[in-house]
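Right after this note come the structures.
The same chain A turns up in both complexes below, where it pairs with chain B and then with chain C.
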Partner chain A sequence: MVLVRVKALDRKTITQLLVVLIIFSLLPFVLGFNTYYIYLAAQVVLTAIMALAWNIIGGYAGQLDLAATAYLGIGGAISGLLLAFYKITPWIGMPLGALAAIGLAVMVGYPTFRFGIKEVWYALLTASLVVIIQRIFWLIYGSTEIYLPYFEWSWYYLRFGRYEPLYYMLVVMLVFVLWLNIVIKRSKLGYYLAAIREDELAAEALGIDVRRYKLYALMIYAGILGFVGGIYVSLTSIVTYRMFNPWLAIVIAVIGLVGGLGSITGVLTAAVILRSIEEYLRGTLGATIPGLYLLIYGLLIVLVGVLKPEGLGGLIESIRRRFRGGSYG
Partner chain B sequence: MVNRILSVRNIVKRFGGLIAVNDVSFDVSEKEILGLIGPNGAGKTTLFNCITGVYKPERGKVFFMGEDITGLPPHKIAKKGIARTWQKIRPFRKISIVDTVTIGALLRYGDVDRAREEAESILEFIGIPKDRFHKLGSEITLIEHKLVDLARALATKPKLLLLDEVAAGLRPHEMLRLAKVLTRIRDELGITLIVVEHVMRFVMNISERIIVMHEGRKISEGRPEEVANDPKVIEAYLGTKLI
Partner chain C sequence: MVVEPALVVESLINGVLNGLLYALVALGLALIFGVMDIINFAHGDFVMLGTYFTYIVATALLVDPTLTVFITVPLFFLLGIAIYRAVIQPILGSEPLIQIAVTVGLLMILRNTALAIFHAEPRGVPFTVFNIPLHIGPITIVLSRVVAGVISLALLFTMHLLLTRTTWGITVRATADDREAAQLMGINIRKVYAVTFGLGIALTAIAASLIMTFSRADPYVGLLYGLLSWVIVAMGGLGGVIGVLYSGLILGIIESLGMTLISAGARELFLYLTFLIIIWLRPRGLFARR
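Moving on to the complex of A and B:
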């Protein structure tokens, strides 16, 4: 069965992807190749990738997953530890990390969806998954940080004395994940996931194998994060139990919600804006009012919940509809 | 000889101490319109849920085109060719009408564009005007919901269609239109229909044969006028006489 029929990309999509690619590629020039800013920009792009990966399980399939960093961490740990201990290139480590994350997704998703664990229970279950994996990692490797070997400029080991190469790798990943979001949305898989999000029982009665399609969504999400984990550890230069960060997993879900479930533009915009604000506040007011960005996240959730439950994407869509005179799409 | 499309044999479904469906058996012939009536709580919807796999019956068997489908999950039963509509509407609120029906059509057409063409022709057949196609599930009226529910079920290309109170809440002229659509579904598409209904006039007009359920049991079966004059049916609807 063809799940995602890859059609010749239409011109509009190519243009959109190119615009994103160009904007993010030019960003380092705007930032004057300042090491600190490039590092922050890489964090922003990483957040956008994670939020767009989350969009597939959270936005399209409607499952409030809070385990993004479990999958990111597994991928990062595998890629990073292989490099640190065995000098195995991340180009092998990253696909292995993706496979491990997919394996974890199946281990978690199969029984979860089999027993119909949904909504709040699914959220709690996935949130605890991050903590469980974190504790397992901690039991094995303890709390010491494992450093990756240093290379001034090595594409083979993905280690650099600067952040730009990793930043550009993340940008390429971002464009890929954006493309994947667009292709899935227009495919049979995307339509089926939307039906599942809206009403599982009605979807099931239309011949949709709800469990199987939810598992597909979870596997794609986990696979992306597992792969990106390798770039993430290279960016931070360490492998640590702190990668399995429950808070970041929640932030990713919040960005997905604020962006608007299933809205590609909304999620991308929310990721860039929220993460930038967070870093800005941390940089400027972090010393005087620590944790101010937490307050901002909290307020934003309340605001979106009350004013525009469809999120930023809904806002963009309604503006678009107004200008186009009611055409949808 | 008429072909049996569905055979229900001795179905029993309990909820705790309550026996919702108690030893019900019946057959449906191909291209028949069968009415299923009974007072509130008679077990009609539960019976539907047992046939479509939403519930597993405790006892009894369901055969569809000679094949035992008892206890299969709903999506497999849908794939075999049984579609249904819902008593309480279950709309896809954030999905447009045409996309909703496309989702149904994707069961038989893997290609989204092809499925969409199919969806558009079904919507036209059902009688939804083109300018409503792009309305979201949250933006349409009750009659439109009923019709979209019917359209997305039809889009799965069923051989047997179970309709759970499609006429409930409709105005008389809307009901008339719906009755016409249902007859056309049987005549032009060759689909067998089982119609659960509360609105007596509607179901009596459209059905060729009627089954009456009361407190989980089948109490009468026959042509509409036979059933209407059956003392057991009258008793079930009006209650027992006071002595």
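Moving on to the complex of A and C:
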């Protein structure tokens, strides 16, 4: 049985993907190739990739996963440590990182779904997972930051004196993840996941192997993050236990929720807007009022949740409908 | 590896004392979750807020942190009712994802307000009368830990009696068992919920004042206490105060022994690994919500 059949996308979707690609590709020109701004733009794109990867497990399958940084960190640690200690190219490190992240996802996801852990317990378990991996990494490597070797311009080692190459790699990844989101949403797997999200018991009664498809969604999500982890450490130049950041994982889930569960445009918009506001506030008021952007995230999600309790996605969905007819997928 | 027996005994005693305090920290959450079926992710950050209020009151009045409860507990009770009315009531009975999202938002508001006001530097109370080391042979225990453990145990016991021996307790337990039936018996559900939430939050203020006798207020501790409380609730199931007490003790002992025998920096590792194993091995029926 073919779960995800890659069909030729219709012209409208291809146009939309191309528009995203062109807008993000032109951004460095608008920003005047300013190193700091390019770095921030890369962070925004990275957040969008993470939120869209989360969309597959959180939005489509409806599992409130809070372990995004465990998978990102595992991928980053493997790719980064191979480069720092053995001079192995990230082009090998990144697929290995993705495999390790998928391995971790299976190790944790299999028993978790097998024992029917969901809702709050799933959220807690995944939040704990980030801290567990962080502490294990800390026990092995301690608090020292491991620096990646410096190269002025090396595609082989993915190390550059500038941020543009990494930025463009992230943009390519973003378009790939968008494409993956669209393909999955329209596939058999996508419909299974939607059924599971809406009513797990009913889905099971219809003969859907709930455990298996939840695990598939988790593996895809972990694989993307594990791969991107390699680009992430190249961007920050260091491997540290702080990569396994439980707060960032929560922020990613919040972005996914504010963006609207399963809504591709919503999640992309939320990631870009929220992360840009965050960087702006950090740049202007960060010194006087630390954590202001998180305060705003908090207020936003409480307001959306309390005022629109029938679904967080609904708000953005209805606004979007008012402004434009179509959407991705 | 040779481990001194005295060290193990000391670690065990500390684990038991900590475990009692952890049970107290989790008690408010267990009450709110058990009675109202509300998933409160912000619980740990109420504890964090409590430590700051304790710090403010203790510094302003120059009293021992344990005495601040006379101000912070009524304040937190009212705060709890206010938050219940503004944020919790609208999401009663809505799907878990919404409840988690909204209380995560609440958590972010609490934590970052504290961060905005106090910045990231931890604050300690000016003094506490309980900061005295007790020497019993080769074992050394700090008095403040003993006080925190004993007060926690007393409060847990009081709460147990309140829930099992008073009319109010019967009302609360009836509401927890069957909301509709309780309503038909003439119980004012909204009032029970508001008071339960207020009480659950007020309990964090007491726990916070005890924490402040040996620790400092820090905007980042919320996550630890929040996850810790949920771990205890998960382990105790909905087994009432006794379940919470046993779970707290088990976690306290595992954490203390792990820190002594393996590494003090890996504190969270022992807590969450225990959680992972327990949540996997416990039959799903005990975790499934009605």
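By definition in this document, the second predicted complex is superposed on the first by the 306 of 329 C-alpha atoms of A that agree within 3 Å, B and C clash if a C-alpha of one lies under 4 Å from a C-alpha of the other, contacts with A are read in each partner's own complex, and residues count from 1 in each chain.
Assume a contact is a pair of C-beta atoms (placed from the backbone, for glycine too) under 8 Å apart; a residue touches a chain by one contact, two chains touch by 3 or more.
Since this is a predicted model, take the numbers as computed values, not measurements.
After overlaying the two complexes on the shared chain, residue contacts for A:Ile277 are found with neither chain B nor chain C. When the two complexes are overlaid on their common chain A, residue A:Ile146 makes contact with neither chain B nor chain C.
Shared-chain residue A:Val254: touches chain C; no touch with chain B. Of the two partner chains, chain B is the only one that A:Glu204 touches; chain C does not reach it.
Of the two partner chains, chain C is the only one that A:Trp138 touches; chain B does not reach it. In the superposition on chain A, contact of A:Leu9 is made with neither chain B nor chain C. Touch counts on chain A: comparing chain C and chain B, the chain ahead is C.
In the superposed pair of complexes, A:Val183 makes contact with neither chain B nor chain C.
Looking at the shared chain after the overlay, A:Val302 reaches chain C, while chain B stays out of its contact range.
In the complex of the two chains, the chain A residues touching chain B come out as 1-2, 5, 186-188, 191-192, 194-195, 197-199, 201-210, 262, 310, 326-329.
Across the complex, chain A is touched by residues 39, 41, 86-87, 90-91, 94, 96-98, 100-102, 104-113, 115-116, 119-120, 219, 223, 227, 230-231, 234, 263, 265-266, 268-269, 272-273, 275-276, 279-280, 284, 287-289 of chain C.
Of all residues in chain A, only 62, 64, 111-112, 115-117, 119-121, 123-125, 127-129, 131-132, 135-136, 138-139, 246-247, 250, 253-254, 257, 261, 289-292, 294-295, 297-302, 305-307, 309, 311-312 touch chain C in the complex they form.
Chain B contributes residues 52, 54, 73-75, 78-79, 83-84, 86, 90-96, 99-100, 102-104, 106-107, 110-112, 115, 134, 136-137, 152-153, 155-156 to its touches with chain A in the complex.
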